[in-house]
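A, B and C are the chain letters, set down in written order, and residue numbers restart from 1 in every chain.
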Amino acid sequence: MNTDADQPRAFLATIPKLSYLLIFLPVVIVLKIAHADPIAIFICSGIAILGTVTLIGKATEEIAVYAGPLWGGLLNATFGNITELIIAMFGLVAGPTMYPVVLASITGSILGNLLLVLGAAMLYGGTKYQTQSFSRTGAHVNVGMLWVTLIMLSVPTVITLLPQVDPVFVEHPEWASTFVQESSLTAAILLLILYGLTLVFSLRTHRFLLRPDVEHHETAEWSKELSAGILLGATLCVAFLSESFVGAIEHMREAGTLQMSELFIGVIIVAVVGNAAEGMVAVWVARDNKMELSFQIAMGSCLQVALLVAPVLVIASYFLASEPMSLTFSLFEIASLGAAVLVSSAALNDGESNWIEGAMFLAVYLFFAVVFWFHP
Amino acid sequence: MNTDADQPRAFLATIPKLSYLLIFLPVVIVLKIAHADPIAIFICSGIAILGTVTLIGKATEEIAVYAGPLWGGLLNATFGNITELIIAMFGLVAGPTMYPVVLASITGSILGNLLLVLGAAMLYGGTKYQTQSFSRTGAHVNVGMLWVTLIMLSVPTVITLLPQVDPVFVEHPEWASTFVQESSLTAAILLLILYGLTLVFSLRTHRFLLRPDVEHHETAEWSKELSAGILLGATLCVAFLSESFVGAIEHMREAGTLQMSELFIGVIIVAVVGNAAEGMVAVWVARDNKMELSFQIAMGSCLQVALLVAPVLVIASYFLASEPMSLTFSLFEIASLGAAVLVSSAALNDGESNWIEGAMFLAVYLFFAVVFWFHP
Amino acid sequence: MNTDADQPRAFLATIPKLSYLLIFLPVVIVLKIAHADPIAIFICSGIAILGTVTLIGKATEEIAVYAGPLWGGLLNATFGNITELIIAMFGLVAGPTMYPVVLASITGSILGNLLLVLGAAMLYGGTKYQTQSFSRTGAHVNVGMLWVTLIMLSVPTVITLLPQVDPVFVEHPEWASTFVQESSLTAAILLLILYGLTLVFSLRTHRFLLRPDVEHHETAEWSKELSAGILLGATLCVAFLSESFVGAIEHMREAGTLQMSELFIGVIIVAVVGNAAEGMVAVWVARDNKMELSFQIAMGSCLQVALLVAPVLVIASYFLASEPMSLTFSLFEIASLGAAVLVSSAALNDGESNWIEGAMFLAVYLFFAVVFWFHP
């Protein structure tokens, strides 16, 4: 079997269809040089990111074949959310006025994976199969981790409300801001430790529990060097595109031409761009009754954002940004995160799904999307 | 077998005992003509409503025998909470000062069915049987739906608090009221869609899951025409009685002779009057170990109020009332609803019940009843 | 077999090693006479309490052998948290300025048992066994009870926030304080009733459910008289030591030499001192795969504090203290209690545990310990 794509046509055949959207990359370059309307750059960058993300996913899978299940799993876990991380990093560097958008994109990734992707998978799969199942123990551990994450992410936000209600803080409002920073950093460190432990759990001590029916490619389609080269190249493309994407949002903000609320941009648009590629795979496989795989893609992506991306951003802000970014979400983001975890917790802990549970997830997603849209 | 109740005595034998309370209907008429003390009208209307509701239940069951399980189920689902709907409609027409009572009656129906009815059923059944069981999948779907409902019902209320804590809204308090209305309407529409989907789920795609051991009458005791006639007549009676009932509350409010807090009237009294008939059946059958039936009566009634009655009222208020009614409950109502869903979620998701779980439900109900009583 | 410890050496061999810490009792007496630094008295009393608690545990177990399972269980249940109760009583008598510490010690006992003890047991046991199990029904009932407790403990605190958000209370702030007291007393009475019902449930109607693999000593090592004597003596010692312990905290408060926030002292230090002895047993037995026993020690201790100690303190404050103590925790205590119950609820309801669930519990405990430490 020819594993080296030496012929262009054979190589193209192995590329995921969605990657063709990369032709929007030169469009973005031209638009940037021509100082075109930020809205056009915003849209084209978004589309091109979608294409690049698909390519990164494929390249990671290829390398995983060579690296074996353990390192392959680790690689997959790390590169799975590299796009969110890069977009957010550019937001961070852009300064404190962009922090709400950065935080909103974290909220959006969690909401999008849990409610939109998993909900669509459960609905789409459930219209064909009456009941679909996945590992109950896996669901339990993951939902438990979601609760821990939610608790740590929401305490700093709650602290920002203290000067309004607690007499001690009414006199010393500056205490609250120090307290918020201390608790954000504590949360970030503990979340990173939990991320490390999760890897040990899922790749070492309890592998069998979490990956019972996930299938792997047996043979690689690309050579080791080609895969590594594409991974590197695509990551650089994403970096460039993310810069354009975030820059366009900033320009629209400054020019006052942003037609949507900032919350809507961050929570809905940015998150959909960053997670669409993976998300579509999750919905697709549900139709083949591979609910376990759907569940792991959506939940894995969601937990990586919460346990890896969010804390890395908080810690990185101490070095890269002009001032530290704390985990101060808006009240509605905390409410929507709480709702997402609650609904997941209620629906997933029996290890079974059906179409109406999917419909519930989508209804909650839609509800908060509308609320974020109308948010003044 | 004689299905036509052509002889008065035979007919009377088929009528549920509780319907005899309908003799309070003429009493109410006399009291109203005599402009009697509103408290007397209030009490007599309440008792007469109880009797009428029982008759509506019986007539619906009879028609269901002719209509077959699908349409019968739909009919049952729709007429099950017609009383709450009619009482609330009269409240709506009475104007904005009655809105808190209308909303409180929604809270009360949910609390009453979940905590009081289901709790009493679990306690009463549990003193005879060590463990009683019901469909775990049914419990899961229903509890999940309760969470979705709670989320959508509480967001508008949370928004009303924003002007106190969020600097953006402190400057523009009028933004909050528009936002409350938009989110209420969104919630109402999504809840109605979910109600439709629930019917499809429970009557079409997953009937077997939710109704495994529910027994149906094999033969009808009344003719089709008699059943339809009684259903129509009883519904008209309920309409008249509800108007008296709500009117009496309004009069007492204006005269300042209301001995109880408005919250207590709405949440406890109105809800008990509207749900007592069905509730007693649910508690009764638990003693015969038909816990599945108890569970479905209580949960079904509770979800109908949340998914059908509440959104219909919000939407109807745009046409019937002088100003739209938003879903702005008091903080305590949201707290009690949250508590009810939490406790249900914790106790029901294993598909088993015992007497101490029933005792917990009743303790939480009692606690909030006392809190509503003492509420200034 | 010689059940009477007539020879000192044989008697000493039957004493738990940790009891030797009682030699700090004379040290405390000397320090008090010498009016030594409160910090020294604080530390030595803490250590001596640890020793005494172990002795009380042993004596209770011995008496339980004579008393039979029913009364023995009742005795165990009652004396299990006698230390917390005595410490808290002294805090109560010391007056309203000590109430926050008393309430914090209740929070701390619940957090400590649920998150620290159970988390450590799950982690320590989980490093040896891949999955450990315990009664699912027991977990369900206990977690349900935790939710009921959390609801009742948090409503009075929520009421204290009303004057900041509810227009009705803004005009009449004194209404809130009456309302807080009424709801605290209601909660206390209902919790005590639930405690009584829990005893009936676990010792009478559902004994088999909750104690499947708990082993009992077959023969007593001490005589009846000796056990009773030691129980009495040790309880008196705990009373004396608690008075020193609480007194030392008060002195440090007044002198302003308290290096830690009051919340940290109450929630972390006092709770660890009061629960360490029992807690270590729970962690120990998890390593022998007796997870059911670990679970029952931790959960039992936690529920006793919530259902017995907390309400007894509220009611006792009407007789012993200068003014009634209401259940007004700080916002962070309620948040941490909510977090603890949430995480327990998510992780325990399948009746299985593994090391990463233990790690999650400890992470949440650590997070709140740090938050309490930094709390201004």
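Note that in this section a contact is a pair of C-beta atoms (placed from the backbone, for glycine too) under 8 Å apart; a residue touches a chain by one contact, two chains touch by 3 or more.
The structure presented is a predicted model; accordingly, all values stated were derived computationally and were not measured.
J.: Subunit B and subunit C are the same sequence; what rotation (0 to 180°, nearest 5) superposes their CA atoms?
T.: 120
J.: Looking at subunit A with subunit B, do both copies bring the same residues to the contact (over half shared) or different ones?
T.: Here the answer is different, because the shared fraction of interface numbers falls below one half.
J.: CA centre of subunit A versus CA centre of subunit B: separation in Å?
T.: Those two chain centres are 41 Å apart.
J.: Going by the touch rule set out above, which residues of subunit B reach two or more other chains?
T.: 164, 349
J.: Please name which positions on subunit B make contact with subunit A in the complex.
T.: 136-137, 140-141, 143-145, 147-148, 151-152, 155, 158, 162, 164-166, 168-169, 172, 175, 179, 182-183, 186-187, 190, 193-194, 197-198, 201, 205-206, 345, 349
J.: Taking the complex as given, what residues does subunit B use to touch subunit C?
T.: 130-131, 161, 164, 331, 335, 339, 342-343, 346-347, 349-350, 352, 354-357, 359-360, 363-364, 366-367, 370-371, 374-376
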